[in-house]
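Same chain, two partners: chain A is paired with chain B first, then with chain C.
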Partner chain A sequence: MMRIPNLPESFTSKHAAKGWPLGLAGVALLIIGSFLSWSYDSNILGDLSFILYPGGLQILAIIGAVIGLLLLLIVKGPLADRFGPWLDAALGIRALGVWMLAYMVLVLVAITTESTGLINVDPGGWVSFVGALLLFLAGRFIPLREHRDLSRAKVPGWAEVLAVAIVMAAVLFGAAFALGREDAWSFILFLVFAGGIAAMMIRSGLLTWFGHVSQRQKKVLTLSAFLVAFLFPFTQSGSDANMSIATQVLVFAATAMGLNIVVGLAGLLDLGYIAFLGSGAYVAATMSQSAFATIGWKPPFLVVVLVGACVAALLGLVIGSPTLRVSGDYLAIVTLGFGEIFRFAMFNLDGNNGPNLTNGPNGIPGIPDLQIGGFNFGDEHTVAGIDLGRFSNYYFLLLILIGGVILVFSRLNNSRIGRGWVAIREDEKAAEAMGVNVFGLKLLAFAVGAFLAGLAGTIKAHQDGAVSPDQYMFLESAFLLAAIVLGGMGTIAGVLLGATILKLLPEKLRFFSEYRLLLFGLLLVLMMRVRPEGLVASKRRQLEFHEDDEELAVAVESDLVGETK
Partner chain B sequence: MTVTEEVRNAVPADAQVVLEASGVTMRFGGLLAVNDVNLTVREGEIVGLIGPNGAGKTTFFNCLTGLYKPTSGQVRFAGQPLAPKPRAVVKAGMARTFQNIRLFANMTALENVMVGRYCRTSSGALTSVLRGPKFRREERATRARAQELLEFVGLGKSSEHLARNMPYGDQRRLEIARALATDPKLILLDEPTAGMNPQETRQASDLIFKIRDSGLSVVVIEHDMRFIFNLCDRVLCLVRGEALIEGTPAEVQSDPRVIEAYIGTGEGDDEDEDEVDVEQAHVQDTTVSEQQEEGR
Partner chain C sequence: MDQFFQQLVNGLTLGSLYALIAVGYTVVYGIVQLINFAHGEVFMIGAFGALTTYLLFFDGQTGVWILPIMMVGAIIAAVGTAVLMERVAYRPLRSAPRLAPLITAIGISVFLQEFVRLFYQKIPDFPSAKQRIPFPQIDVVTGQALEVGGVTIQRSAVFTILALLACSGLLWYFINRTRMGRGMQAVSQDPDTARLMGINVDRIIVVAFALGAVLAAVAGVSQGLQNNNIDFRMGFLAGLKAFTAAVLGGIGNIQGAVVGGLVLGVVEAMATQYIPGQFGGSTWKDVWAFVILILVLVFRPQGLLGARVVDRA
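On to the complex of A and B.
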């Protein structure tokens, strides 16, 4: 992270009292500016040229300002007694100030570059910029307290539930807002804003608190997360473009969750995982109603799902049983090879070399939409006046799938089998000497992971309408793995987050698609250096990555003891 | 002599044989690490395994527990031949601890012991996902048994502590609890008091007696002679992979060959450590025989 040097202490202590009114002025200017016009050019950034009618980016600035105001009131004011003792609001303002300033600077840059120069920035833009600058300075002046005590966070249960609801609603609107941005600048600006909120939450201790709350309110959190995901299509008012991206994200996330069992829980490096998704998809394609389908048997989809998943699991067992006896790197190499073998096999099973099963490089196009009972997934529906298109149907189906995958993941994790996996990761020899069935458990992880990927594959085939070998390249496996590493191995929220980031960014930032691999590579190197346990770290993984960090171990332990009490 | 032997050896001669290793040989390339060693352990017996460094004690343990596949020789457990596979060994009822502690460092104490219950429980993947009544019953029982074992070794209050945060002595005891969780008939302890102070050592021998009294047989590797002679019903001394002498503590400690093995004949290459052991052996030699004098 970048570090902004502190002002000399003699200076800040002299001006400490000015920090608070400065911040208030900054917040006020930020809001006032946002209600004015930011840009003379009304064709850029989703039109910011109205007065008293803020556009999307201006609303973000207002939200940032309101959060800044709340933090200021915690530092000094009516909220100080209730939140002051356990929230480090001063640090929060500091972080928020930095990011809001960056946000406003980028807004000015965006207006300048998108239009014909700095001249296009209207007075409102300057006012908001000055407001952000004042907020930034306030953050520098307000003295830090350096201590926060989360145990003093006495918040009633209903407020915790409310906090969960607010966060979830914010996620929903954030996702809808992000997908609604059509130009790259708006999307980047949104990312900066989201980064600012995240930084504020981390620095003020709000995120830690929320972590504790979500532990206590696990059921509420899970339910509301699914509710939010369920409501998402209704925010898109029938736009299939965004829903298409959303379904792709879900397929990717479901597959990544399956791989997470193999990599995150059992600790096996699988570089050919995409092949299991592919085998599921090919099974569904060859048994579909497509004119190019090569198998005459057309069972109902529920049977196809089972067949696809079982074929994938069987492949997993076939690959796993000879290779899982050897350790570590060998497995990675063999699975890498398997992934490529799968692709080439699909490529070559075209009738020229052996049976015609896959139509070779042409793949199997024209796979019709799913039909489960009387429900056709190609139909549009109107629910409560909102159009739900074809992709929304698949979206809901995938939501059920991902729920199932998460259920399998978390239940296996919290069981005798999950303990066995942890033991194997920790010390394979000792686990073996304690009677843990090391080989069997590894094979199980492999088979379960493959099964779930096969399941996802059968749906993917129908959703895409076509399968072809080049959809299942090594790169896809690498991306799945990257999503897990980025998000946090062995966690649910982390992998969902990682999958969303990795799938959403390239869709929204088309201009960098050429540099996509380069940027992801850099991102991963950076992650390994700064936070190897991923964005959302599982406690155990965090410990594994920081073998020597005694403080962390003690902190995690007190968390564990706290949970059981 | 005979009197003391009767007092020490509370195990009747006709007690059932738990472990019977015959002709165990382990060869690593040109090195004969264990050569034709026999060991018989009866029910409720504590057997000591001593010998200078590099004598092959831990290798012998590894052969017994299936971590190594012996080059030749046979291990019979409770009358049945034992396959040299760790899991089969644990299932048959033989558990072990390690010389250099091998706990699951990032798991809590309770979780460590619960892993030990793995081979005595049977919830599979499907049961775990469906969470039927059987799963919940078994999970509850596992947890209860693990807690019980932690209390047995005196760690009842540390169940939620991470293994890596625990003091050294507690880690040793936790390893014993984890081994006990596999419901063994025989437990193999590899240097359970290494690095412990006298008080902790005393606690360790109390714990081992307690384990014996609960009906288990124990085999202990140890360098601390006072500890071993005080604890064991029988002692087997290994030197350069071969069984030098097997007998009661009194017999072993008075045998000139044992003393010679520890002193070395001048050609030993790790003399420093040997000398330390020699002094210990001498000191303990006298103290133990004094105790015996008093006993008479």
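On to the complex of A and C.
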């Protein structure tokens, strides 16, 4: 993390009282500026040239300012008594100030580069910039205080549920807003804003509190998360482009969750996971109504799903049973080799070099849309006046799939099996000595992971409308792995986040598509060095990567004791 | 019978290449129990180092005296890459869980491939590495193939096999007769005791990476001479095959890597010739190589000559 050096103690203590009015002025200027025009050029950044009618990016600035105002009122004012002792508002303002300043600077840079120079920045932009600068300075002046332990904060149940609802609504609108940005600069600016909010929540302790709340209100959180995901297509008003991205994210996330069972829970590095997705997809393709399908049997889709998943699981057993007995490193390479065998085989089974099963390099195109009962997934529907196109149908289906995968994941994780996996991960020999069936549990993880990937593959084949060997290259497996590593191994939220980031960023930031893989490789290396446990880390995982962190060890231990009580 | 000998020669050539790369895997694994997944990329960079040397200093010439200088260029590039990656990426992770260095290795591998693909053409007057780049043809080691009693032997094949012989000899001398080599043996047997005996373990690890890189660079040049072209993707499959060879011979065992490489090469060549029906032929030979890997792990996980690894898991 970037650190900004603090001002000298003597200086800040003398001027501590000035921080608060300074912050208030900053908030006011930020809001006033946002209601004025930021840019003379109305064709850039989604038009920020109106007065009294703020555009998207200006609304973000206003939201940031309002949050800043709330934090200021917690430091001193009507909210101080209720929240002051609990939330570290001063640190929150610091974080927010830094990020809002970065946001405004980037806005100015964006206007300058997208248009014809700094001349295009209107007074409103400068006013908001000064506001952000004042907020930043205020954060430096306001003194820090000691705070009480947030886990003991007593909040009525309805307020906790409300907090969950607010966060989920923010996620929904954030996602809809982000997908709505068409130019790269707006998207980057949104990311900076989201980063600012996240930093504010972390620093002020809000996130810690939210963590406790989500522990207590797990069901509400899960249900509302699904509700939000369910409502998402309704915010897109039939935009196929965005829904297509969203379905791709979901397929990717569902597959990554499956791999997360293998890598995150059981600690087995599978580098050929994409082959299981591929085998599911190929099974679905060869049994579909496509004119190029090579198998005469065309059963209903529910049968195909089962066959596809079972074929994948069977392949998993065939690969897993010899390699899971030897050291874990072999597994990585053998699975990698298996992934390549799969691709070669699909490439070669074209009738010349083997029986014709896959049409070789051409793959199987023209797979029709899914038909389950009387419902065809290619049809458009209109619900409450909002068009839901083809991709929306698949989106809902994939949502059910990913819900199922998450259910399997969490049930396994919290069972005897899950504890066995933890034991294997941490010390295989000790686990074996304690009577854990090491081989059986590993094989189970491998087979379950393959089964889920096969399941996802059958849907993917219909959604894409075609399968070909090139879709299942090693790089795709590496991407899946990267989603897990980036998000946080063994966590649900982390992997969903990682999958979203890895699929969404390249779609939205096309200008770096040439350097995408280069940055991807670099990201993996840096992640392993700087934060190997991922963005969202479970405490136990964190401990595995930082064995000499005594404080963390104590925290994990007290959590474990709490669990058994 | 001619066909048998022809495939034997082809197999030995291919196998020599695998063996040269496999030594890199096995040396590093024997000492730090790390699969240096990016070793295939070191091989690729070696080939590009040789090409760069040629294009910079000898463009258009074909004299055989260029070859040693190209080789030096290849070795410098490969060793530099390997040592750098050890220092920057692997060393900080030495006590981390095993997943961490493996994932790092994948990252390095992708990074190096993309780095060459994107930036090789940024050197003035250099060809774009996005397609295959022709590798220079050198007198004596390329050109008219030799005919020995009905068997065609490419000159580059002779070069590769001789290179393997020379490298194995030097390697044997280095490991068994020099201080540094015996230090390596000591570290691979017991790093803690070796450290207590005054061996600089960090340096030994760097030497292991460098040693593997030297052989990979030689392999890179051989590959370029054999195929007449190189590309940024060449390290992936070659690396995978070489790892298979290392496992086949017994990981951590240097003789094993050489034997494993040769066996793998011969088996692959024979498979294209003697497996009947549609599953024969060259399109399936890569598949057979991996099938062998899986079979070895089932029936003889310690490899043909036995693994030489202290289990520290």
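Heads up, the rule we're going with is that the second predicted complex is superposed on the first by the 552 of 565 C-alpha atoms of A that agree within 3 Å, B and C clash if a C-alpha of one lies under 4 Å from a C-alpha of the other, contacts with A are read in each partner's own complex, and residues count from 1 in each chain.
What we mean here is this: contacts are C-beta pairs under 8 Å (C-beta built on N, C-alpha and C of every residue); 3 or more make two chains touch, one makes a residue touch a chain.
Predicted model only: the values in this text are computed from it and were never measured.
Once the two complexes are overlaid on the shared chain, A:Phe520 sits against chain C while remaining clear of chain B. After overlaying the two complexes on the shared chain, residue contacts for A:Leu269 are found with chain C alone; chain B is out of touch. Once the two complexes are overlaid on the shared chain, A:Pro322 sits against chain C while remaining clear of chain B.
By the touch criterion defined above, A:Leu191 lies against neither chain B nor chain C after alignment on the C-alpha atoms of chain A.
Of the two partner chains placed around the shared chain by superposition, chain B is the only one that A:Arg411 touches, whereas chain C remains out of contact. Of the two partner chains, neither chain B nor chain C is touched by A:Leu227.
When the two structures are aligned on the shared chain, A:Lys429 is found in touch with chain B and with chain C.
By the touch criterion stated above, A:Leu444 is placed in contact with chain B alone, chain C being left untouched.
In the superposition on chain A, the residues of chain A contacted by chain B and by chain C overlap at 429, 544. For chain C in complex with chain A, the residues that touch the partner chain are 33, 35, 37, 89, 92-93, 95-104, 106-115, 118, 236-237, 240, 243-244, 247, 278-279, 281, 283-284, 286-287, 290-291, 293-294, 297-298, 301, 311, 313. Residues 407-408, 411-412, 415-420, 422-423, 426-427, 429-437, 444, 448, 540, 543-544, 550, 553-554, 556-557, 560-561, 564 of chain A touch chain B in their complex.
Partner chain A is touched in their complex by these residues of chain B: 65, 67, 86-87, 90-91, 95-96, 98, 102-108, 111, 114-119, 121, 123-125, 128-129, 131, 135, 138-139, 142, 160-162, 164-165, 178-179, 182. Against chain C, the residues of chain A that register as touching in their complex are 263, 267, 269, 271, 319, 322-323, 325-330, 332-334, 336-338, 340-341, 344-345, 347-348, 352-355, 428-429, 474-475, 478, 481, 485, 489, 514-515, 517-518, 520-525, 527-529, 532, 544-545, 547.
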